[in-house]
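Take a look at the structures below.
The two complexes that follow have chain A in common; it is paired with chain B in the first and with chain C in the second.
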Partner chain A sequence: MAKHRGRGFATIEYPTGMNQNGDPSQAWIKLKPDGRVDVFSGTVDIGQGSKTVHTQIVADALGVPYDWVTMDNTNTDSSAVCTGTFASRGTFIGGNAVRLAAERVRERIIDIASKELEIDPSDLEIENGEVIAKGAPQKKIGIPDVAGAATYNYGELISGSSTALKPFADVDDSTGQVEIEPHSAISYAACVADVVVDDETGEVVVEKLVQVYDVGRAINPTLVEGQIEGGAIMGLGLGLTENSYPYYPSPENRGGEFGAYLGPALHDLPELDNVIIENPSEDGPFGAKAIGEMANNAQPPAIATAIFDAVGVWVTEMPATPERVLEALEAKREPRRDGKRVIFDEHISVRTVSSNGGEGFLGVDA
Partner chain B sequence: MKLTVNGIEQEIFSPPLTPLLHVLRDELDVTSPKAGCQQGGCGTCTVLIDGEPRRSCLTAVAAVDGSEITTLEGLGEPEQLSPVQAAFHERYAAQCGFCTPGMVVAATALIERKGGPVERDEVLEALGGHYCRCTGYVKIVDAVMAASRGQTGAREDEPETGEEAPVMIPGSPA
Partner chain C sequence: MKAVGARLPRYDGLGHVTGRTQFVDDVRVGRTLWVKALRSPHHHAAITSMETSKAEKLKGVHAIVTCADVPKNVYGHLEALGVPADEPLLADGEVRYKGQPIAAVAAESEEAARAAVEAIEISFEEREPLFDIRKALDGEAPQIHQWGNVYPHYGPYNHRRVRKGDIEWAFENADAIVEGVYRPQAIEQMPMETQVALAVPEASGRLTIYSCTQAMYFSMGVVAAHLQVPLNKLKFIGGTVGGGFGGKVDTAADTVCALLALKSRRPVKWRWTREEEFLASSTRAPWHIEIADAVTNDGWILGRRMLTLHDSGAYSRFSPYGVTKHAFHHTGAYTIPNLRFDGFVVYTNRVPTTAMRGFGVTSVSFAVETHLTRVAHAIGMDPWQLRLKNANRIGDTSGNGVAMKDPSTVPVTLAAAERVGVELPAEFRQMTPEPRSGDLLPEHLREQQRLNGEDS
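Let's turn to the complex of A and B:
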């Protein structure tokens, strides 16, 4: 009876958003007469920081300072449509919607600036809130002046809207097959877990998680880290404690109250070592992929492999509660059937190779 | 019954066994203490009763008659955050924000009690009964430790913002 240390790892891939169409996000952007930017986006910020990230994307795509941009997603009635905040799609799909809308606004700004400056639009660029003639930076006009001219002189509301949507795929009529790129952008992650397993009580303590996430482009690294840290604790709960129906499908011992559902608390916090890898996606806004829902996927399998490393048994159902760990240890110690020692372990058994896929012997027809 | 809530004396008309949480939220419209589990398990209803952090969902209002109650609203203003609030804001210690009122109130009491820099173990002890689903606690612990060391305000990695230029409306037809 002792405590055993173990280390395990798991890797995951995560497709971003729902794929193969039907998953739109929309955005509409307008310029106030003073050049400030109002963004109406359907994506809802539930605390993950999509408002911040979308503001950054719009500011960069337009070429204006960050604090000129106001996000308005206060209600879903007047906002543009967004399928929802799920599937790690906020930055990738919602971000693409605001980026594309911002690019259209940028075109209108340059068109009006071109009239004001009497310079061809192709010779203009936007930098830090000013439209500047390429190669002649003294010839410029501020975006507030452009917006004012549009409003009061040209009678135009500078605006742009866009929908980010993966298009329908063509169906081949002769075969009925569909040629679809399987995913828009796949994010990858790896997690290494260091655990201590008590073989007397079955208790598992996670001491450290090393987590590596490929997010395409970290538009806001602090928010990315926030998702990784939050996901780590959720993954830890999924791996060790969180269980709505411990004897599913039986409702027995189902948690009926808050305290019966064991989410990790502050004392369960392991040492976290987070690494962000940038592996830009061609489809994402500024190369971004995703870091939302994927952040709690890698910890449970990493913990399971670490338990195997520590005590040599596989816990095949999550969470790895003390009860399940002890059951697995017991089964390893006492492999019995009908009171006899019969050993079958699918992880160590070598199955007989069949010449015809297990169909039976040749020439045995009666 | 009387309570002094965030420095303002209030006459209380709710029945005496009403939880303090509901007196604050429903009678006085002080809504920062959140009704989370309402079993004393999650900590987001925490308020300071005479300076001590207490679960307002488990406290009958009659039991604290005449006390001074401090909630998040009593700590700072949007334009003048308290040190703990500023540290939470600057260090991204809130995501959905539901646990934040209780965390900030309890951390404020911890720092006041200690009167100087608090260590990680002390934060774990003081906030151990506060449940957070989003952040993984990391940035919350960092923020409390930073607040106790006075490390708030503009940080070095943030670009300095210049003087705000007066907003002009250009191109007016006048």
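Let's turn to the complex of A and C:
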């Protein structure tokens, strides 16, 4: 009876945007008469921080201070379509929508400034809230003055709108092949888990997670780290403790309250070592890919392989609860060998469990 | 200062941590009625009779809705993508999961609404339920869904397929075939904010719906379809959600509130209890995944056969989409040139499963990564090296045949190895995502690049 240490790891990938695309996000932006910026986007912030990230994108795409930008995502009357906050699409697709709208507003600002300064638009650039002549920085006009002139002299509303949309990717139902990329980008991650397995109680404790994420570009590194660490907790729940149906496939004995459903809590959090890699996407806003969903995908396999490293048994029904670990230690299953085949887990396969050898699932056309 | 890349504080962070952010349940409107639902006590049953007249007469009860009150009761979340509808908003003659809503009451208080729910007279005839997806196509399995026990609408197929390269060649030429079964199970999204909605009938004839949806336009479309009204009759207010994790992509409370608000002409709020959130709201799906990898002794994965069964629960919701996404990613972060994948959406008599963080792919990551470490042990190879050798590289094609532009399998794997002090031979340490060449471009991988029109 002892505690055993083990290490496991996993490398994963995850797509950005709805699978097969066809999921628009739209945004529009207007300037107040003092140059402050109102952004209307329908992207729902479910806590991941899209309002913050979109505000940062607009600030830099326009060339204005961050605190000039107000984000309104509150309702469907003033906001245009956002397909939704899912598929890790908020930063990339919602972000591209506000970026493209901001680029249109930027053009309008430069057009008005060009009239005021009597300088060709192509010779102007925007920096920190001012329109400046390239190579002659003493010739400039503040965006507040540009917006005021637009409103009161030229009778114009400086505004811009845009849609970020990648066309739908049709799939060949017989082969699963597609003609165009069925996603906006792919993010990658690797996770190393160090665990301690108690062979008497079956309990698995994760002591440390090293997590490496390629997010393309971290628009806000603090929020990226928040996703990595929040995702890690969720990954621990998936890998070790949580189960809606504790005796799956039986539907009985479900937990109907926090006290009867084992979600991980802060005290379960292991030491975390987070590494952010920036391998930019050519299409994403400022090179961004995504982080949201993938953040709970790498821990469960890292934990499962760490358990094998620690005690030499495979737990492939997730979560690896103490019951399952003890059962695996007791059963000590070895794979069946048949010629060059090495066959694990035969006792839970469709062929074994189905009364007709799983014919309906296994017997489909090649 | 550039904003992009800066560690700026959350736009709405101060409001969240000081309790000043207004979530749906914080919105109070005068004369609001409160909702409770009659839910199925059975996993699978026929509704043989239902009578609401006694309940309607109870003090404080203003409106009761059943399937007869819904202009379009059966709707599908993916109808726009060509997936037919199969789920009633309120059960019609049959219940297919425990907790399925059958009727809803709007009353002066939650207590009065609960009393009215208990006063609805209903009788059932229980039917045999199905829970084990592996047995769904057995001869004796009960038939639980109008389409049969598996979703039949992947074009002419009842499963999502991937066929790439020459799978027979891969299995014949492999030195070893490693097979394993992986069963990641269901978990709860478990947001702090339970499902909640408030519908307010306006003098203009419009309905304002305060929603916790993760997708305002999507949910507005769902409500408009059930009510059969144009979008200008609805205004959704939302955008700030107390946790979603995928569970609030389903439109759970909005439509029932809209119906009850129209019927009672009063504002109507429905806030699910924590117990309802756990037991009647959707979960992440359980999956059953069988992988067979054809590998060589020096660590090339020549081919993969994979069978996936996805436990959809009682209705389709987003499951057909989830299995397609799963299929598109079933090779994980690696390049495998010869593939045969079959994925089934299987119905059971449990709460319909839905989107959750990592939808369709969390299951792949668990299965593929656990399996690859098994493969490495089976052929006596270091698991880091196995992964790096088969890593996605620029110009490789994915399982569904598109060229990869910026894969990072190699950089993230090497960064993790370095961080924990794993010593790798120089040929692995020096790997990059750049296109394959030399020893890393054997004949079987040249072919997959040619398939993509890449000239190797």
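What we mean here is this: the second predicted complex is superposed on the first by the 317 of 366 C-alpha atoms of A that agree within 3 Å, B and C clash if a C-alpha of one lies under 4 Å from a C-alpha of the other, contacts with A are read in each partner's own complex, and residues count from 1 in each chain.
Here is the rule we use: a residue touches a chain if its C-beta (ideal position, glycine included) is under 8 Å from a C-beta of that chain, and two chains touch if they have at least 3 such contacts.
Being a predicted model, the structure only gives us computed values, none of them experimental.
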Chain B or chain C: which reaches more residues on chain A? C
Which partner does A:Ala136 contact after superposing on A: first (chain B), second (chain C), both, neither? neither
If you stack the two complexes on chain A, which partner ends up touching A:Asp34: first (chain B), second (chain C), both, or neither? first
Examine A:Val192 and indicate which partner it touches, taking first as chain B and second as chain C; both and neither are also allowed. second
Which partner chains sit in contact with A:Gly292 here, chain B, chain C, both or neither? Use first/second/both/neither. second
First, second, both or neither for A:Val342, with chain B first and chain C second: second
Figure out whether A:Gly148 sits in contact with chain B (first) or chain C (second), or with both, or with neither. first
First (chain B), second (chain C), both or neither: which does A:Met234 touch? both
May I ask you to decide whether A:Thr222 touches chain B, chain C, both, or neither, giving the answer as first, second, both or neither? both
After the superposition on A, what does A:Gly263 contact: first (chain B), second (chain C), both or neither? both
Where chain A meets both chain C and chain B, residue numbers: 46-47, 49, 222-223, 231, 234, 257-258, 263
Residue ranges of chain B in contact with chain A within the complex: 36-37, 39, 41-42, 92, 94-97, 123-124, 127-139, 141, 161, 167-173
Can you check the complex and tell me which residues of chain A touch chain B? 33-34, 46-49, 67, 142, 144-145, 147-149, 151-153, 222-223, 226, 228-234, 257-259, 263, 265-267, 269, 272
